[in-house]
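Report on one structure; see the data block that follows.
Naming follows writing order (A, B and C), and every chain is counted from residue 1.
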Amino acid sequence: MWRSLQVTASALVFSAAVGVPVGTWLALTRFRGQRVLNALIYTGMGLPPVVVGLVVYLFLSNSGPLGNLAWLFTIKAMVVAQVIIATPLVVGVTMSSVRAVDPALRVQLRALGATRWQATVAALVEARFGVIVGLVAGFGSIISEVGAVMLVGGNIDGRTRVLTTAVVLETRRGNFDVALALGIILLTLSFAANLIMVMGQGKLAES
Amino acid sequence: MTKRRILILFLIFALASLTTLLAACGDKEKPAPTPTKEAATPLPTEEPTPEPAAPARLILATTTSTEDSGLLEYILPDFEAKYNAEVDVIAVGTGQALELGQNGDADVVLVHSRAREDAFVADGYGTARYDVMYNDFILVGPAADPAGIKGMTDAAAAFAQIAESGSTFVSRGDDSGTHSKEKAIWTAAEVTLEGDWYISAGQGMGEVLTMSDEMGAYTLSDRATYVARQATGLKLEILVEGDPILFNPYGVIPVNPEKHPNINAELGQAFADWITSLETQELILSFKLNDQSLFTPDSEAWRAAHSGE
Amino acid sequence: MTSAPLYTLRDVRQVYGARTVLDIPALTVQRGEVLAVVGPSGAGKSTLLRLMALLEAPAQGEMLLHLNDERVTAETASIAQRRLLAMVFQRPALLSRNVRANVAYGLRLRGERNGQKRVEAALERVSLTHLANAHPRTLSGGEMQRVAVARALVLEPRVLLLDEPTANLDPYNVRLIESLIREQHTAHETTIILVTHNIFQARRLATRVVLLLEGALIEEGSAEEFFDSPRDPRTAAFLSGEFVY
């Protein structure tokens, strides 16, 4: 269970570290081909996880281009797959929520002496609710994901077995009660994470 | 303030339920009399690695049947103790297991699909194939037996009769060893697989047994998974067994280091030697569920030792 | 009131898309004056103010801002120089934080950690002390506009640019904001550029007035001249309310 959290939390941190700045940047700049890029990102938000897993497997496989890393069937491979699944979600949601911030506000802040950077940070802070929703969505999509982590993690007992893959195994074994118990833990974790974030939103609103 | 209190209460509740659930599954996760690692370690002196170095890592690609039945959990601690190794089990379909070996993503494969195993070795992906054990396939179905095949001894004839009566049959449809076997029997029965009665599930044995049970359908299963699932309330019955075509031999193949130099070939070979050794074969025989051995030892060493019987 | 130029504009044009929305051959703003920019809606008043706030550079021509011994443009001004200006927009765009945090924002940008006293004083000046912890979405239009004004005043800018700060406000808020402008001017000699379409407000506050019509500068003069003896017939027409805005 802690492994589930560990994998998902590290994947989410990476996704946020990449996705939030990229999403903010995309929201605030205009360039050629942006529509195409947007369409790509929205497609990425719905990437089939198993396909992501397959591609990551092919890359990390001993006969693949990144085989030398020896990441296959390790936590790292799972994190990579989850980052690929969650990042477009974080980028997309960050982008649309930063875009929803009144553009006049940024100009107004510039007129109060904000540097471009400070105004951008302020816009991101304004969009915090949306960004948090994006992170929650990303978290939900990867903690409950099974196909990709099964493929690249291998569901190795004590190493890469996470809640979802354990549920699959126990179901296959016919231990429906154990599978269900694990499923409940999974749900509880999701719920707890979401609750904490929602509470965080409440705190932010009061500040 | 109240929000924070609710949050704390919730967290306490969540943690409490988590610990109870974890404790509950901890008990159940280990089936049968699994020798623990601690019990296995006190007899080390007989084998090669004396210094307690960091354990070597062996990646074993195998079929879901060996893991799902609990066999590996039962026998692997012995190997891990003797060779100071940790075995990472990747339990997938035979097709994927061989693919992993072919890509150099596993050090050794343990599967059951004779023709493909031989091709794997012939193509140079494996060094050699060794007999390990067998279990047998059984044709299971609902007690009502709408196709009337109970007690038949010719599996192909039984399959033909199922097709004729249009009774539902659930196929693994996942390119697994079981699926290969099933297709071979259909070919022998000269049946073309068309119509609503034939369902290709694309899932593991456990799922397919569950599906068949729910649908009152026939399916081909390996005995190990079936017996294991029987213990958890499966109602399907064995209708046809004992036909030589239903024989399901497992082979072990160390992956060829010439194709992939960075695999752990030495330990892979050691694993093949270990699992075919007389001692391990005894261990396999002693793995029982509901008082039935699920796998019958069948290595060369075993056959030599028991040829007199 | 010293007579030194603060802004000099020469042949300034601003173009949006293919449209020229502002075209000013020459205009000078003196240090320490209260300049009212009047004109109907769409005349280019806000555009002129954004240029003066260094938020945009003109498409053509030159607008220089004289700061100490330097002359800067939108492109060359340093952040420290920009921070000598503060502009309040026509529509108050507030941060979704409480009123106090909004007023403190500009000071925080400048890294001033000990601005609390100034923030409280600014809140006091706009009579919003009792709403310091309120969220902007709970405020009335007049209160929001007062927050926006306080947010600029607290910075003690050398130049204060106000874009229709009292549009759509009730008489109480209009009077309050006007008195703040007057007080800021007399007490700190802040140069104030006030965009308004309310000629009565211009008359009450301005030392000098310019009239813009469709991007063109029609008339420029001291408040007395402008109101009592306009040179251009269109100014007279505007003053008599013949323009719809």
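The rule is simple: a residue touches a chain if its C-beta (ideal position, glycine included) is under 8 Å from a C-beta of that chain, and two chains touch if they have at least 3 such contacts.
Fair warning: this is a prediction, and the values are worked out from it, not measured in the lab.
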{"item": "Chain-contact steps, minimal, separating chain C from chain B", "value": "2"}
{"item": "Per-chain CA centroid nearest to the all-protein CA mean", "value": "A"}
{"item": "Highest-count interface - the chain pair sharing the most C-beta contacts", "value": "A-B"}
{"item": "Centroid-based (C-alpha) most distant chain relative to chain C", "value": "B"}
{"item": "Centroid spacing, where centroids are CA-atom means, of chain B and chain C in whole angstrom", "value": "79"}
{"item": "Where chain A and chain B are represented by their mean Cα positions, the distance between them in whole Å", "value": "34"}
{"item": "Whole-Å gap between the CA centroids of chain A and chain C", "value": "45"}
{"item": "Contacting residues of chain A [partner chain B, same complex]", "value": "1, 61-64, 67-68, 70, 72-73, 154-157, 159-160, 169, 171-178, 181-182, 184-185, 188, 191-192, 195-196, 199, 202"}
{"item": "Chain C-facing residues of chain A, complex", "value": "102, 104-105, 107-115, 118, 122, 125-126, 205, 207"}
{"item": "In the complex, chain B residues that touch chain A", "value": "3-4, 7, 10-11, 14, 17-18, 21-22, 24-25, 28-29, 59, 64, 67-68, 70, 73, 88-91, 102-105, 204-207, 209-210, 228-229, 231-234, 260, 262-263"}
{"item": "Of all residues in chain C, those that touch chain A in their complex", "value": "50, 53, 55, 79, 82-83, 85-87, 89, 91, 93, 95-98, 101, 105-106, 109-110, 135, 151-152, 155, 161"}
